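Chain nomenclature is as follows: A, B, C and D, assigned in order of appearance, with residue numbering initiated at 1 for each chain independently.
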Amino acid sequence: MCEGAPAVKRIFDPIHHFIELSTAEARLLDLPVMQRLRRLRQLGLAYLAFPSAEHSRFTHSLGALAMGTRAFDELNRSGRDVFGSPENAAYQRRLVRAALLLHDIGHGPFSHSCESVLEIRHEARTADLIALPDLARGIADLDVDSRDVLDLILGDRQSRYPALRELVSGPNLDADRMDYLLRDAYFTGVSTGRYDAEQLVASLRILERDGKPVIGIDRRGVVALESFIMARYMMFASVYFHHTTRMFEHVLHAVLRDLWHDPRALDPAEEFLRWDDFRVLGALDGKQSEAADALRNRVRIYALAAEFNAERDLHAFEACDAALRARFGDENVWADTQAQLLHRLPFGLGGETTVWVDGPAGAVDAREVSDLIAKLSGKAYWRKLFVRRANSNPRDARRLCAETLAARPLASSD
Amino acid sequence: MCEGAPAVKRIFDPIHHFIELSTAEARLLDLPVMQRLRRLRQLGLAYLAFPSAEHSRFTHSLGALAMGTRAFDELNRSGRDVFGSPENAAYQRRLVRAALLLHDIGHGPFSHSCESVLEIRHEARTADLIALPDLARGIADLDVDSRDVLDLILGDRQSRYPALRELVSGPNLDADRMDYLLRDAYFTGVSTGRYDAEQLVASLRILERDGKPVIGIDRRGVVALESFIMARYMMFASVYFHHTTRMFEHVLHAVLRDLWHDPRALDPAEEFLRWDDFRVLGALDGKQSEAADALRNRVRIYALAAEFNAERDLHAFEACDAALRARFGDENVWADTQAQLLHRLPFGLGGETTVWVDGPAGAVDAREVSDLIAKLSGKAYWRKLFVRRANSNPRDARRLCAETLAARPLASSD
Amino acid sequence: MCEGAPAVKRIFDPIHHFIELSTAEARLLDLPVMQRLRRLRQLGLAYLAFPSAEHSRFTHSLGALAMGTRAFDELNRSGRDVFGSPENAAYQRRLVRAALLLHDIGHGPFSHSCESVLEIRHEARTADLIALPDLARGIADLDVDSRDVLDLILGDRQSRYPALRELVSGPNLDADRMDYLLRDAYFTGVSTGRYDAEQLVASLRILERDGKPVIGIDRRGVVALESFIMARYMMFASVYFHHTTRMFEHVLHAVLRDLWHDPRALDPAEEFLRWDDFRVLGALDGKQSEAADALRNRVRIYALAAEFNAERDLHAFEACDAALRARFGDENVWADTQAQLLHRLPFGLGGETTVWVDGPAGAVDAREVSDLIAKLSGKAYWRKLFVRRANSNPRDARRLCAETLAARPLASSD
Amino acid sequence: MCEGAPAVKRIFDPIHHFIELSTAEARLLDLPVMQRLRRLRQLGLAYLAFPSAEHSRFTHSLGALAMGTRAFDELNRSGRDVFGSPENAAYQRRLVRAALLLHDIGHGPFSHSCESVLEIRHEARTADLIALPDLARGIADLDVDSRDVLDLILGDRQSRYPALRELVSGPNLDADRMDYLLRDAYFTGVSTGRYDAEQLVASLRILERDGKPVIGIDRRGVVALESFIMARYMMFASVYFHHTTRMFEHVLHAVLRDLWHDPRALDPAEEFLRWDDFRVLGALDGKQSEAADALRNRVRIYALAAEFNAERDLHAFEACDAALRARFGDENVWADTQAQLLHRLPFGLGGETTVWVDGPAGAVDAREVSDLIAKLSGKAYWRKLFVRRANSNPRDARRLCAETLAARPLASSD
């Protein structure tokens, strides 16, 4: 009645079901640097708007590995020798799995907020961490070169494996995004974030563009790509830019700046690794600070006064912003333009970063093939105005915005 | 150990779970005119492309009733007295349920194909059928006026209940569409057809526009409306205009014309009611006809040569069409422009048919509020070229299209 | 912009997502003998109780192929050389797929009812049909021996491939059942019919028992096997033995006996193939028969008077049966003992037909390893009493049963 | 373009979709004592076996409120005046919601482990916490009596509302369990934990038993009750008693005993409220303790040597236990008999705690009506033997168990 020892480790996941790891990968996963990811939430403070968004970067890292493996295996069987000899292909498979498993280790607590306070990008951290003895040994045990791993994670243009680099850190068809959209949709319960992952993965192809290999899709995958782009939009609109999330991220920024007076405080890797979301929340306990209390106990310091989703609303946004500041004072108004987040927008398919579609006469820009993708290209806007509850009346603020808008010519004729 | 008699009938449905019917509604449902809907498939021939799309108009009619009831109840609780006195509201609730239960009874076999052959619209049939003694009695038992029911189904502008009319037969926020998108997505397995029905229904509001009540949404429902419009697009792109479906619909047209030489053959209601999808398929058995055999046994008479999804592809489409006809002859080429289906397109939000959004200064066009909806408004295109397999080589046809395209200036510079 | 020709055909299915077919398999699928399965419903008349149970044996046949392939591939990778040389394994993979695709072709309209009227089992039909020229050629094109295919479908003890025979027609771990439980649960919406298919398939192993290979599971699969056995139970309790379904099956029996006076009428294969569920329903149109009308228009001729689910209820069942017959007459009472269905019961894990579990000292009976499975072994009972509505009052009948039960000593003290 | 202020707060949840709160309930939810539940995981350490089991008691508390409201509303409409006058019913509805929202506030970090170390039950804590000024005020604002709330949470037999007490803290049909089974199944991804909640809730009835009201189900709910009992079993077998979870809980016990030398350390409510799962994990950082390191970084100190799921395995279990101890020493073997958890077992339907089913002659024990429930009643067993990896070889340990078992007469003949 004894349990046999399995040759590989299988981990159960609601998105990918069984995720299989080799013995060496399982050992890597059990290192403290990986286990720490259980204490970083994938969506930071979004759980204050969507209570069930409590999932961690740990499960996402496993999911990215699973998704990247599905993509790799599909590419590998879609054409003859796309990854070279069987040995070369096996190496690249181990490599892309390693890179996806490790791609988030450089994140600090509440990642993006942390980065701007500590003035160091998570990708840069990764280089330091990968050099730590434990991790270096773990990577060596995977039988991959840690330099190759780092190149994929950092998206190094000089990487010897440009197609894998796109799978790990590309701007569109990366396994990172393919996993987190499904995962964030599942854990928030926002079903509109789902896309046709089966068809998208089945359509992946390595195409040629200016003599270099790029990851694209075949013609049958266009509808799946449309669904992927729409899902990105829906998750930004519903979750990532939800006004409650944005408001608490604003508060967090002040809290972190207060917590780490010295932006170099976490430079030593050992110190950095000791910090996670939960330790930050613990450190706020007992602080005599409005912001600390707000974060720990979900005190909504600000109220939403108005929001604007159309590009043409810029003047309306500015007019309301000015009116609110005139009434309540600059210190009681927060205008969230999300300018700093524009690089994460789903529709930035311009220039370098479009998706290529296989065609009879070579690779074609997805915007040529799909009206829908063409229309959804370019920036999207989620501008919001908040007022501080302590020193203003949210109802007054909303009425002021309505009056300001009513006094203007119609937005559409701007 | 005996089972008690329930006061109401509960029917289980994968989309809405329990659907509750009053005793009178359950009796109506058991009339032959309703049971016949079990023999009309909701998606006609789409099962030849998506094998599991075998669901009927019967389950959809129940689902439309369920969805309409959810919408009605939400509207009713969203404001004081939106439906008048409690008695008036109760009447209107019975009425909208009756209309949705009956809204598809006028469909003939393979509905739209049938209509163009028989030169009579399904809505028109409905008037005849509702006057049949059985049904008239069933409707009277529901304690609603059959004239009111008919007005809602036909979308009569003079209906005494304009808001209910929109719920039953409106161009956007109708319970018909709200159910069939979810249902078609479920039964085909095309998950991208799902939208945020919970939020959309919760956002429904009766607004005023030019002094008349219209059904719109409140400001919090904009993202759900975006998801709804995207889901419509995805279902058209993936399922309703799938090339295999379109091809067999083309074949069906010939079959029906052959079956009913006299377009008036089904004018008598009794004769009309005897026909359904399954009887048509039965009637094809033993016919010495290529088309009949094709439909019954899924013989793909045509092969797809090229398809074009962007508006700017019109010239490319015409050039390929001309090249194919020159090579294979007119009788061996079918150009599917879907001109006849443009009225069903999801993005026709122009003029009369936009969605209104509640705002501080009155109802606003959804296109003003959402860049995404503005971008998705207007027509969508799914043009396809087919060649007859018997007299042409599909591979040659595809190569010919590729050469034709390569010889032209780039599509994007048209 | 032309679509490339795919090497294999991919079919979309809500349960298994993409199902891939080779070119020869796709051609086989397009034969009339397979397309006919679209006109046989997987659950016969259950749609009269669960309206959305409209799915066909066609989609189930594809699903069984998909499930069998997953199982085969898992077995193949679970041990060295379980299927012999790579060529042998490839042959067996083609073979098991062919057998599962074809395993239901011998079903007549409403299968089990049809069999008892026509006095011929569907498996026996299969031998005739497989010999038809079209099908013989199609099977030859798959590069498998039609004798081997037939052995698997018929469950021939002499089959050269005993493990595959279990996968196709075994009493427990067959791909047929693994697919239909998931499928019936999905299309009825009865979520309790789902089981842990991922884990069950991942646990499949070829074990040795008395020197012969049998399909069993490894120790880690016991909980999944428990979930599988529970799902079978739930589907029988909720769907397969639902009183409405059972009642209409009873009516159907009379209808079919009336339709085919001569039980040999469908013996010629050509005639047999012309019949399907829809043709039967069509043939009922216009018949002056209570039963025909009941089936076509869901007229509930009988009402449920009492049902009994526990073994110890036998005497109670018999007492109520006697009381009903005394009051309403034999011709107005139908006692459904389901005796003829006992062979389909989920818990008949006795004797030959248990599931074997891998253990350190050889294969062990699942009932040894799991208390739950031991408890669930043996027969299950769903006895029902119905009265004819025309000549009895259902309310009176239920009251009569209640009085009969109240007059008896407590059931538990029987 | 300003957002209107909603009268009620709606929170989105993947299980129940929108959960609506009154303004006073929303204020209660934002109190620190409730927000703290975000830092207690619903499944304690199970995330070390199921990585995605990171959901908190906070979302479960909301879910219990939602499920209890569904149950209450169904009971309320199932019979005339079951909850007395409209005012009384409205009071009881507010009451049951309050009690379910608050039912888990007394849990310490990793609840059950914490309780045994601190020698105080979470229910007892609740009385202290409810008396704190903030919470007392919050409860008063809900317009319910805090004494009534406490009675429901503590399951006080003297409660004025015995039916509500069952809904909150009963042994079977409580909203707590109804929510957590669905929730734990969703967040672990273990789909077999789902049951037919729709039908179960729709079947709830207030019955009479010995002159007192009890919550039971009507006859149509028996299959749903079976599914509920099976789901409980599956979740225990798959998740709650997973060997990895159990092993880390064993380690945790040592850690907590070390952390709180004085079992009275957390007696003051203010100190108690400062502790949560995350603070415990934080407190382990830097500790020079094998157990602390094991928990923080998932070091598996023990390996599973054998497990036994059948009652009859007791002697086998003891024989293996003795053999392991003889070989490796007592300090290197941990025998997990789960004796302390037997009160949580799903099948303890004996005596006081069965489920009653409505019948023509009064309430009947569910075991009378369903063979399945009768069979599943009684205890279930998941006994496990572990060895310490540092001082033993897991492979040797497993082999030793196999040999021990092989040397014994067959388990089944015990």
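Here are some notes:
The criterion applied here is as follows: a contact is a pair of C-beta atoms (placed from the backbone, for glycine too) under 8 Å apart; a residue touches a chain by one contact, two chains touch by 3 or more.
Remember, predicted model here, so these are calculated numbers, not experimental data.
Placing every chain at the mean of its C-alpha atoms, the farthest one from chain B is found to be D. For the pairs C-D and A-D, the larger set of C-beta contacts lies at A-D. Centroids built from CA atoms put chain D at 34 Å from chain A. Averaged C-alpha coordinates give centres for chain B and chain D that are 46 Å from one another.
Between the Cα centres of chain C and chain D there is a gap of 37 Å. Contacts with at least two other chains are made by residues 1-4, 17, 190, 360, 369, 398-399, 401-402, 405 of chain B. Contacts from chain B toward chain D in the complex involve residues 1-4, 6, 10, 17-18, 198-199, 202, 218-220, 358-360, 364, 369. Within the complex, the chain D residues that touch chain C are 190-192, 194-196, 222-224, 226-227, 230, 233-234, 237-238, 309-311, 360-361, 365, 368-372, 374-376, 380-381, 398-399, 401-402, 405-406, 411-412.
Across the interface of their complex, chain D is touched by residues 1-5, 11-15, 17, 30-32, 35, 38-39, 47, 50-52, 54-56, 58-59, 62, 186-190, 274, 278-279, 281-282, 285, 296-299, 304-308, 313, 316, 394-395, 398-399, 401-402, 405 of chain A.
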